[in-house]
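Across the two complexes that follow, chain A remains constant while its partner is chain B and subsequently chain C.
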Partner chain A sequence: MKDASCISCDVAVIGAGMAGMAAALFAAQRGLRCVQIGNGGSLLFASGLLDLLGVYPVAERRLWRSPYEALALLAREQAEHPMARLAVASIRSAFESFVTALASAGLRYAPLGEFNRKVLTSIGTVKTTFGVPRSMIAGAAALEARPPCLLVDFRGLREFSARQIVATLGERWPGLRHQRIEFPGAESAPELYAAHLARALESRLMRERTINLVKPLLGDARAVGFPAVLGLARAGEVHAAFEEALGMPVFEIPTMPTSVPGLRLLGALETAVSKLGVRRRHQASVRALVFSAGAGPATLELDGAQGGERVVARAVVLATGRFTGRGLTAYRGQVRESILGLPVHQPDSRETWHQRDFLDPSGHAINRAGLEIDSAWRPLDAAGRPAWPRLFAAGSILAHQDWMRAKCGSGLAIATAWGAVEQVARQLRRVGAG
Partner chain B sequence: MNSASSVQTQVLIIGGGVTGTALARDLALRGVDCVLVEMDDINAGASGRNHGLLHSGARYVAGDREAAVDCRSEGDILKRMAKQAIQDTGGYYVAVQGDDERYIADFPSCCARSGISARVVDVALARELEPALSPRTIAVFEVPDASIDPFRLSLESMAHAQSLGARLMRRTRVVGFEREGRQIRAVRLQSRNGGQAQRIEAAQVVNAAGAWAREVALLAGAPIEMSYSKGTLLVTHTRLAGRVVNRLRLPGNADIMMPGGTVSIVGTTSTRVDALDDIRPTTLEADLIVAEASRMLPALAAMRYVRAYAGVRPLVGATGGRDARAVSRGYALFNHEDQGLDNLATITGGKLTTCRLMAERAADLVCRRLGVTRACVTATLPLPAVPECAWTEPGHSPRAWMRTLRLKDPLLCECEMVSGSAVDAIYAALRAAGDTPTLTDIGLRSRVGKGACQGAFCALRTSAHLYQGGGFQGSRGLAEILDFVGERWRGQRAVLWGEQLAQAELMEALHCGLFGEELQDDGLPDAPGQVAAGRAQR
Partner chain C sequence: MSQALFQTALYASLALCALGLVWRASAWFLVRIGPDVREITFSERVAAVYRGTIAALFSRDLLGLAGAFFLDVLLLRRLFAHEKLRWFGHLLVLVGFTLLLSMHALAPLVTANLFQGYQPTLAPYLLLRDLCGAMVLAGVAMIYFGRRRPQPGLAQPRRPLGMVFIALLGFVLLTGFLLEGHKIASPRAFQRMTERYVGYSDAQELEPLRALWASEFAVAFDHLKAPIDPGLVAQGRKLHSDACASCHARPESAFVSFPVARMLAPVTGLLDAARADVWLLYLHVFACFLGLASLPFTRLFHAVAVPLSLLVNAAATNRGYSSAGRAVQRALALDACVRCGICDARCSVAPLARNLGNAGLLPSHKLIASAALANGRLLRPGRESDALRAADGAFLCTDCGRCTSSCPAGLDLEDLWQAARGDLVAAGLPAPAHWVQERPALDWAESLGSGCGLHAFSDADAACAPLSADRNSFSRCVQCQTCTNVCPVVAHSIEKADGVDLTPQKVMNLLRLGLRDLALGSRMVWDCATCYQCQEICPERVRVTDIMCELRALAVQRLGAVRGTRGRS
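== the complex of A and B ==
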């Protein structure tokens, strides 16, 4: 590997989903030189909503208005849950830092309060969440007050039927109406893609043509909802223009992936970490990760479009996600961590990985599988000791949580990234600058 | 009993599998009026849970020659009469190192005795034509196996019968028989959707309930001896071979790989079970199939599987008023006359390949009793192809979609390329028959939900589409999504490792993580401004 370039850094973050992005962001905010490896593909599946903790305990399906109270109870009752390892104050700081960084990159969220909020989804369910994008927040207010309201959708956007939302809510929101319009200029297209619409609406002309189609439909509406397609990088501007032109609150409704709010998140996080000097290797993957003995650095051999590259890092954060993120690999007989083959806490046999019913209230045991960590967020080896003194883990790869059922996906990612990076900084300080 | 709510017919058929639907068509073609009641949907039992293999008969040449001969002749008939449901793939019988050499040596002569063509194929050539075959292959024979779509077969048989006046009642369960002397005077029915009880007065009743034939016969007071064998099959993500590949040995576990459209189906297992409820594939069965089948097709060891399913074979005991003209040990026709009933028949057992013959035999008995003299024509009259029944065929939807590209026809299922117009056509056909189509009904009649996503995405797009077209109203769509995805889950659960586990995780992230479909209470107060009960404190 003579030709391979070599970069050195304080911390290498492997993974570019919500947790990897948060870890890179927090590391850079602390002044650590950071290299981040991995594409942000999993963020395309994000809804844009930042869940903190909505349901606890999972088996009781109990919804919480205050995520912080739920977290306090979780910390008392489930000490092994990764989010139970953090003080509530740290989780608050982590969330504030995260949304502040997003705002500085042009993606604004409504001010975080004390409480969860409820928003409509594209299939007409009501979702409990915490951080709500500015472009969606009027929907939370509308759902609470339920004034006369119009939902608009576009023919060809297959995953979104405003009629379905209205029908599903039924009598709970009598003043809710729906209208379908043709997206201007796409009248003959059989299918429309959310990202294309979002990009198109960044053009003032397209926006005006769309708004002109909506205006005559407003009737008695006091708020208007759209599928989440109101702009990409300039979503703030597009949303404001809609509100101004329609003269009432306008809100987006989160849709199934691949979603525009996910693209926005990815874009804003890329901007935020790049501004802070994080070197991103978004087309690379880690071929080998080798630790030197004692407190020496780790060497990461990368595969990718840029050719073989080597990263020498004083610390490594593993934020590679679960099965969809490729952080964990499931074989027929067992689950293993994908890069290092770290031991994974898991159920005994595949027969017990999943419940017989998809929606079993207890959730599936496999979803609580993952890496065990010590008090410093370091994954453990088979003997129960840290696998390497400066290997840390964050995000959904951690064991003893079920983010999908607890509605704590972003909370888990952001809080554990905060916790892991805090330990990275502490450990690196301990060994000094060199 | 209110006779005003009674329906009258000449023949009531119980069970809408391959035999029941073929029987409805056979009778209708002889001018006999019939009603078919099915407790679930067409092919919901073993008829829809098998390989989809049109047997050449070679599988049974050593152990069950009668069945082998039946399969051979019936296979030939179906290839001519139901062309549209069959892909004439041909089949290989393949032995690998360690397999019984005597069986291999005797195979061609056994086939010849049953009139089945079995041509020896040079191993190197066979591996060139089917590269997935094991390098440890030691013998290959070519036989006239074929692939058959049992859904298309049954749906078209039923559609043809309906066009001739037969009636279909889906989701309707038989709950009782009214007997009078040696006659069943009426059969009592209950709609599974909670509709009102119904009653059918029929001159003849045929029990074609497959594995459920024992329960039905018992309800009629004419018990038959049956046992059940559960068989599990796996569906691969991609098609592995052009031909059917059978293991050249006495029938055993996981020795058939069936190519069907874009996938391959591998199985089966055979486990005795005592009850019919909650039949589902297990992880152990999946592991056994992978281990065993990969001996003849090594790629199966590392293959991605998208689904598993399990059916129950009805095995018929040797007692109970067996009709003397039953021609094979493979199936059984009971006339129940020695049990004191003159207008009940039970036809069960058998194979997909012999379903037409089974229907013919049952129809012959019923017609003799009714005094109908018209002969069976299903061996010579081709099954009419029906456009609404073609959507189960892999590859049909994409072709149809390509033809309608210039129209505004969105793709709802991206894995299998099923378009909005396909869903509309299926929906309209069910509506025309007076039905209330569900998402699951549409899944059974198309490829929706059959691809890699197993319904995670297409269930949502399809329900949005149905809402938009007015097919779904109220909050019903959500329940339909849950039903559909839940049913797909049953099939996925045993094969969730590797890539398919990542897919299942994505499905849960979407349906639970984002949409919260598992939460029965979304915490939204019924009226604005109220605080949901019990939630304010938290």
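== the complex of A and C ==
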């Protein structure tokens, strides 16, 4: 049965956030024919920094210099945590693979190394993270050595204030200064938007005009920081041009989401998966997901701007995220998985969803709710058996993790996508052989 | 048939046809569409066409022209791309009609000279004539039944006289088949022929020939009914081969006329008495003349205008249009369009047309309005509301280009719309955006407001703007600014103090606050380039662009009232 509105594939990835993108990428790298369904808009909330594991245990807020040591401890103490299911070597491969693919799509990261790094945020706090874009890495070095440093911001760009960063950090970093400049050509604009500035700075002329405004302000500075607006798709080129013209390290500081680094990440991931032949249905959503018995495929009925479409897939990866990604839906009495209504591990009653204190260091039980999986990354049904032999889950939809407090968002997404896709490949080989 | 009458009628219809063609063609040199060609004179256009023709015929462009003639004109490539049934119908009519015209109507001039010993009553001509007639009939049926259904809920565009020509063509074919059938079955025709070619006067001596013709040539003699004596038939064969066989083949191969002859057999005597052979011939021939004379005045004229338009396009592919050439091509487009409706079905703003109840947004209606504007009819007193509806149609077009790319006649419709917009502005009918931008959004909120209060939507609003009337379509917005960040219109107006007043995310916020009326006159809504980047990237999957389009439509509907006319009719 073959018609125009029906496409068949080895694996359908539902979701296009960090985990969905990573799953599609890894599946395509393994040579699986992949269809990806879902809008990548949630990636716009990413800062461009790729956390691996920064805090463990969450309740003690213990910061780690080596994420791999933290992971080893996590694996020993919290076996049910999704990242504890993977060997450290697998996580390392997953990360390397991910940033290599990003680099091939034009978004370059600093070499990953063994250790977490500390970077500045747009409100002057310090964030522990692992993968740092090339355009931000000089900021990590500056934060460590604290040389005389200039932070520049633009009048009208409301989500970024250099002055606030200096006010927060100034006592501990005496050489840190700030200057506000007008964005060239937008002197009368009441409000500026980061993506527009980023796109404008891809023009050589606009770059030169901006650099000419900054040069007289440098003084004794040995590094210059900007809000993350130095180019979009050609960010590498723009950043290099700033460093060359200013003659010193230049770094970006991530702005509030939705940010330019988020747009870059989305663009690069779209390019990377498309290059590998992943068929993307980014305006579609899954209306129905039906499994056939035995070795038969799953059928996904899609709703989309271009009308209905059917995807027939030998395996399915569920990477639909939590509440904001709409992978989980909270009803009055309980939380359910949104597409199939799969049972969700969750607190017994709504009263126990949250602690009394909102800022309680141990976090809230509801944040650790999610899908239970078996050893092959397959979500379980009410009876505790895999819901379908070739349905897998990855990313933040999984239970027993609190990625926000543990500073492991990207790590969770990338590592679990790697683990799930490994199992997809194994199961498909088994079906193929049988 | 009287030779004098025949010739008078022929020359009269030829003269009418020629006059009509001159009249229609003169429009291509006189009608002015678009401000850019307003100053171009009749003689400049004639000169441009002359120069263009010479240039195309005596250069390498001739190859392209020949290719276009073969693929676009003869094989109707563009129609094939969109409507297979109608394409096949057109092809059948084209082939069948051309052959009938040249080999049958003009037989003494063409066929008789090409084929030695041509007689219309010999094989294979009996078969071929009927085949061509049947092809035309079948083709016309396919064209008729393959036609597009009108857009639901919208007025049909006025069409040039189409049924007149189809009726005439059908009549010609019907009388042709009847005449042919009657002549096969007619004893009177047999009588006339034997008097001329056999020369016997004695009825008895001809009896064997009659028997043969009754049994093998379907002549319906009253007294010779089956079973006919085979001996008599055998006797007649000798006479037949001497006197008749050189001009007459057995008529079974005329697969339409022969069954007609069989059907007419019972009434052949009556028809003979009434001299049906004469009046059927008159009807057949005069219907042909009528068709010829009416050619420039019915929809069949597209058979002239479309090939011309296609060839002009092909000739202009390499060297482009001069202004004068452009002027001619636009006027030609008005004649080439038959309102087939392929463009209407693909029009991006068709849903908007339905929501607004204004068919004037659809390409076929816009073409008619362009013609009415060019000849001044649209601007006559009493047609103000038609003119405003036409202006709304012209300016709500998104220039997506689907009409042009789908037109089977290859018309450059986008150019026509562009030109018509210039004419509308010149006539004091500017884009709705022009009216809107005269005053700030807050003013409009009062004059365009529904007066229904917060969160209230009338049924009319819900029909016109279903998304913005449904909270579910925008309540998910989290004000993340992504839409604004990717918006090229906002980015462009960074440098301008009079740029957009609201950003897309602010428009969505007004909807969330139940202050939709505040957005109706905003520059953001009216300057939106409908590039859809915001809608494609929205993390909450709000249909931002669709909502902007709707708000515009809603404002246009209300603007109708503000401008003193009804928006809906």
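To be clear about the criterion, the second predicted complex is superposed on the first by the 428 of 434 C-alpha atoms of A that agree within 3 Å, B and C clash if a C-alpha of one lies under 4 Å from a C-alpha of the other, contacts with A are read in each partner's own complex, and residues count from 1 in each chain.
Simple rule for what comes next: a contact is a pair of C-beta atoms (placed from the backbone, for glycine too) under 8 Å apart; a residue touches a chain by one contact, two chains touch by 3 or more.
Just so it is clear, the model here is predicted, and its values are computed rather than measured.
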| item | value |
| --- | --- |
| Simultaneous placement of chain C and chain B on chain A, clash or fit | fit |
| Chain A: partner with more touched residues, chain B or chain C | B |
| Partner chain(s) touched by A:Trp403 [first = chain B, second = chain C, both, neither] | first |
| Chain B versus chain C as contact partner of A:Arg322, first or second or both or neither | first |
| Partner chain(s) touched by A:Thr121 [first = chain B, second = chain C, both, neither] | first |
| Touched partner set for A:Arg199, first chain B, second chain C, both or neither | second |
| First, second, both or neither for A:Leu44, with chain B first and chain C second | second |
| Touching partner for A:Ala186 - first (chain B), second (chain C), both, neither | second |
| Chain B versus chain C as contact partner of A:Pro257, first or second or both or neither | both |
| Smallest separation of CA atoms, chain C relative to chain B, angstrom | 6 |
| Intersection of the chain A residues that touch chain B with those that touch chain C | 45, 188-189, 257 |
| Residues on chain B engaged by chain A in the complex (per definition of touch) | 280, 282-284, 287, 290, 405, 407-412, 457, 460-461, 463-465, 467-468, 472-475, 477-478, 481-482, 485-486, 489-490, 493, 496-498, 501-502, 504-506, 508-524, 526, 528-529, 535-536, 538 |
| Chain A contact footprint on chain C (complex, rising order) | 480-482, 484-486, 490-491, 494-497, 499, 503, 536-541 |
| Contact footprint of chain B on chain A as seen in their complex | 45, 47, 55, 61-66, 69-70, 118, 121-128, 143-146, 155-156, 158-161, 163-164, 167-170, 172, 180, 188-191, 254, 256-257, 322-324, 326, 329-332, 349-351, 353-354, 356-359, 361, 364, 366-367, 403-405, 407, 409 |
| Interfacial residue positions of chain A with respect to chain C in the complex | 39-42, 44-45, 183, 185-186, 188-189, 192-196, 199-200, 257-258, 263, 266, 282-283, 285 |
